[in-house]
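The following blocks contain the structures, represented as structure tokens.
Each of the next two complexes has chain A plus one other chain: chain B in the first, chain C in the second.
The block that comes next holds the complex of A and B.
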């Protein structure tokens, strides 16, 4: 970052006319991307905000807007289902991301010294990352099936359960089943990020720790963890963003059920907007979701800084 | 520094167990796609199929138009990827190498907009697409996919352009080439790894996207693979055989992509950690 600032500084001292052409060319090069981003993300975000203050009816003449102030927010915040979805989205995201980071760290540490099978394992670990979530949801739906699912067969074979369980039919097991499907799909992604992070730690650090008489735990806590925190923060942030927007997996696997147990905020928003056609209410749900996600990212980043900040200095 | 044998063995055991856990559900899906319906819904299931059939593959492509879903997914993903590459390389180059004000705010702005979930843009876009009559069309997906993947691609490419020595740019200009020539002739060829990375990430994101595709292109002829697979449903039972036949077919290109581009994917995943 410092180097970059220095080089721009140098350029700014160059002759004026040359620089002006450069600046004009720069804006020219930025224009196509800028227009698309403004038109398809910024404008709709602002429009959603505007919609959330209106009552919107779909009539034969198109959409009819009536300004109603904060009414949509009042309606949304007085609905128990909204708070249920907020609760589900938060605990689902926090638990899955925590488990993924923890498991991912353990696995990355265990396999960091494995020399063979490297490209094979990278390929295998990348496949779940590139897999269509809907496919993994169908796959797990078949595994969890209460009548002919293979999970019941395996657990019965091991005498862990005695009768077949309808995993997706009961609130607690449905939530755990969703989490396992999610953890299965995204832990490999976390492992890959952490593995590359581990490879970037200079070997001398470990040798120095060894000379200082550090045991395995001390060298982990004083060398590995502080050096790895950038990678952990990156993986965590990626995952939090995805987890709080979770839609595909419950849409296919549980349809938000049983009842409304696994109805995430994104699912509630989609239902309000496109099943019930309450566009104003749906916009209020969407805006609330954004605020929740931004808050979650900030909390994660600041908690993470606080936890390892002093250690690293 | 060689690690003690016990530690290495432990590493192998964990690695192999991890890979098996990743692969088992795929195995189960793969064999089930070749089993007749009676075997798919028998309990306890046979861990190795007793009868093999191609019936589900025929159903997926005959009765369920899965070929059409694949075509739709390929068109939408490929076109979006090319547009993203064109626009993001231009923007990434400008941010990395040209003297403009407000680059830092621009980069932060790009990061912030990539935080917004599709839920927040989906209704305004739906209303807009509906008004111009573009629901159930390729552009209904290509335009938002392009917009959503631009920020990450711009970041990646900006990082790659920064690695190309700035002196090359000065030299090109002394030789009298324009900014665009320098970009096209010198910088773009030197950043092919970055282009690969951006391309794979964009392609995978488009290939797997579900929410917008479900809402914008619901008609049977315009569905992409994820929507098709989510909505494959029989009258009374879930047609798992057909679902898995389609899934197996649509995983093949992803596996090839991962095998060919694994190096660039990993570098893309770690970019943020290095530069962030």
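The block that comes next holds the complex of A and C.
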């Protein structure tokens, strides 16, 4: 009896005070991570925002700021090159992400159904994703090279083309070549996310579908796809975020050319900041990119809202 | 509603990461900008420069302490050789080397971040010859002419000091120079009984003949990619045609001369003398085609000579000749070559001014310049550059008296944007996606808006 009372009393005290301790411990545990995020993410963004409203002069005493309001944004938005970069970044992102999601889904379904050597096929598939982009881009540079490139050699050997194609030196082929290199590299990332989604679908669903007489297409459309929508949304969201920051592939393969054809927003921002040393304009480009990414994610999420909501529950 | 808030939070967090990524881009670039990009005084400026008198003359004859030197030699032990020779002569000064990224643009980003952040080191750094105006304007370089006697600047070859001057003050000491030459296959010219060309028209017709007769796969290779090197190539044709990028500070690419220059470059491609992939070629790609024995002519910097004579990477050892760049018919005996090279700059935050100045002084002395010449770098001081013994180091040095120099319009702090306006549009015309006239018109207006120094010209 006495013990019981004691234990109940303890329990009651627990529910009150320990909750507060939990909260305190929680904040304590969150603080280090919070400080890191504050230092490397929130502070740079706020600082960029501040920079974008100023004309910035480098002096021996560091930056000298002159508040100019929206002038940097006006200047950026009146530059045709900025709008060209926005256009390129958007259509590049939309096409590569769409193709990657489609191909990624096919590959994930294929690997899911492989009986033997499953882990080996996952490892092989992951190689493009694991390679550092700058290095794999150099490799693609050898493939696409118009004079001693592998691709021309193969196509000429097969008599598909008769003269060498200047893959990276023509606007249309340059964009397509970049897209192919991008899709090759990042589809494995989509596959991994979709594969984990596939593995979470309970087997009974398929058994039930089978009993109901569903064929392969019906069971995919009515069981797999609805169950996978959350994973697709997740993979798509991550890919959009990355695709909008596209930098390394065009930087190595085309330097943004021919002309300015493949100049992405990230390249434009980098060049404005670090080559031209126009920090205010560069910050305005960076902040505009963030706003664009936010917009793209909102559009994508609202298109997938139902699915994500479902998954969350 | 809750989901909505969560979504927002997620988006904000992820979006912030992407800004951080964007901001971090400057550090992650790699690529291989060759050191063949740089420049000096406009071709019309041959007179000696008027340097303003020093304001804080420093006596460094007894300097001691330590100096950090940021060096960006891409190859070889030359930096080490220089430092040990210096320390032997000035035992009271210790020099520490800081190796910089080999990509010129990454190097600039790194130095900008370090010095604008107030760091006292590196005390002395190597920088491209097209940087003085931009670095002076941003106060990333100290005005050397404030500390060094006026007589100091007499040692340099004509035009070099002018190239390092901004608003009357000199911000850099020329360390070594570089310029372009025409490399040719002497065996092929001999085989087909053709003379060494002295005009661009000749280069084109001889190359076409040899390719037609099966002597080589390609006629003439050069640098046509979308980067600084294309500005160098274009400026040479432009100067040969009698034009210049700027006239009285305004863009002047809407001229017949500019039309002739770019029209000729494009015609090299359309006539098949130059492979159409040249619009993706930087120095290594064009050099590779030549050293693999696939091209008759190559336009490249002085280092291509030793590369072409290296049996490990070249199939044309002993078959290569080199001459000054040609010009257009009726425009003289030889053409203009872009001036490149590297200078020594002084960090305005240095804590050891006297020792740093002593180091700069010695690096531009005959002893150091001889070491550079022995490593195939072109000396910048008259005493060594004009010495007849120079040609023993490289046959390209023997051609120097024939070379006419042209500089890129780098005397404005907005030079990177000006140059981009040139190479973006020229590259587009080479790719054939716009006409020569449209490309020049666009370049012209972009240069003018870049030069205004404010507004969207800075993009």
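List of remarks:
The criterion applied here is as follows: the second predicted complex is superposed on the first by the 275 of 313 C-alpha atoms of A that agree within 3 Å, B and C clash if a C-alpha of one lies under 4 Å from a C-alpha of the other, contacts with A are read in each partner's own complex, and residues count from 1 in each chain.
Here is the rule we go by: contacts are C-beta pairs under 8 Å (C-beta built on N, C-alpha and C of every residue); 3 or more make two chains touch, one makes a residue touch a chain.
Computed from a predicted structure; not experimentally measured.
Once chain A of one complex is fitted onto chain A of the other, the partner contacts of A:48 extend to both chain B and chain C. Judged by the touch definition given at the top, the superposed model places A:19 against chain B, while chain C stays out of reach.
Once the two complexes are overlaid on the shared chain, A:29 sits against chain B while remaining clear of chain C.
When the two complexes are overlaid on their common chain A, residue A:184 makes contact with chain B while staying clear of chain C. Touch criterion met: A:134 reaches chain B and chain C at once. Residue contacts after overlaying the shared chain place A:117 against chain B, while chain C stays out of touching range. A simple residue count on chain A separates chain B from chain C, and the partner touching more is B. By the document's definition of touching, of the two partners only chain C reaches A:75; chain B does not.
Once chain A of one complex is fitted onto chain A of the other, the partner contacts of A:234 are limited to chain B, with no touch recorded for chain C. In the superposed model, A:294 lies in contact with both chain B and chain C. Annotation: chain A residues 37, 40-42, 44-45, 48, 62-63, 134, 147-148, 164, 241, 244-245, 247-248, 251-252, 265-266, 269-270, 273-274, 285-287, 289-290, 293-294, 297 touch chain B in one complex and chain C in the other.
Partner chain B is touched in their complex by these residues of chain A: 4, 7-8, 11-12, 18-19, 21-23, 25-27, 29-30, 32-34, 36-37, 39-45, 47-48, 51, 62-63, 107, 110-114, 117, 119-143, 147-148, 150, 152-153, 156-157, 164, 184, 188-189, 191-193, 196-197, 200, 203, 206-207, 230-231, 234, 241, 244-245, 247-248, 251-252, 265-266, 269-270, 273-274, 279, 282-283, 285-287, 289-290, 293-294, 297. Looking at the complex, you find that chain C touches chain A at residues 3, 6-7, 11-23, 25-26, 28-31, 105, 108-109, 112, 116-118, 134, 138-140, 218, 225-227, 275-280, 285, 288-289, 292, 294, 348-349, 414, 416-417, 420, 424-425, 427-428, 430-434, 454-456, 458-459.
Taken in their complex, chain B has these residues touching chain A: 1, 3, 7-8, 10-12, 14-15, 18-19, 21-23, 25-26, 28-29, 32, 40-45, 86-88, 90-91, 93-95, 98-100, 103, 110, 113-128, 131, 143-144, 146-148, 150-151, 154, 162, 166, 173, 178-180, 183, 204, 207-208, 210-211, 215, 225-227, 229-230, 238, 240, 243-244, 247, 250-251, 254-255, 257-259, 262, 265-266, 269-270, 272-274, 276. The part of chain A that touches chain C in the complex is made up of residues 37, 40-42, 44-45, 48, 55, 57-63, 75-76, 78-79, 81-82, 134, 145-148, 164, 166, 168-171, 237-238, 241-242, 244-245, 247-248, 251-252, 254-261, 265-266, 268-278, 281, 285-287, 289-290, 293-294, 297-298, 301, 305, 308-309, 312.
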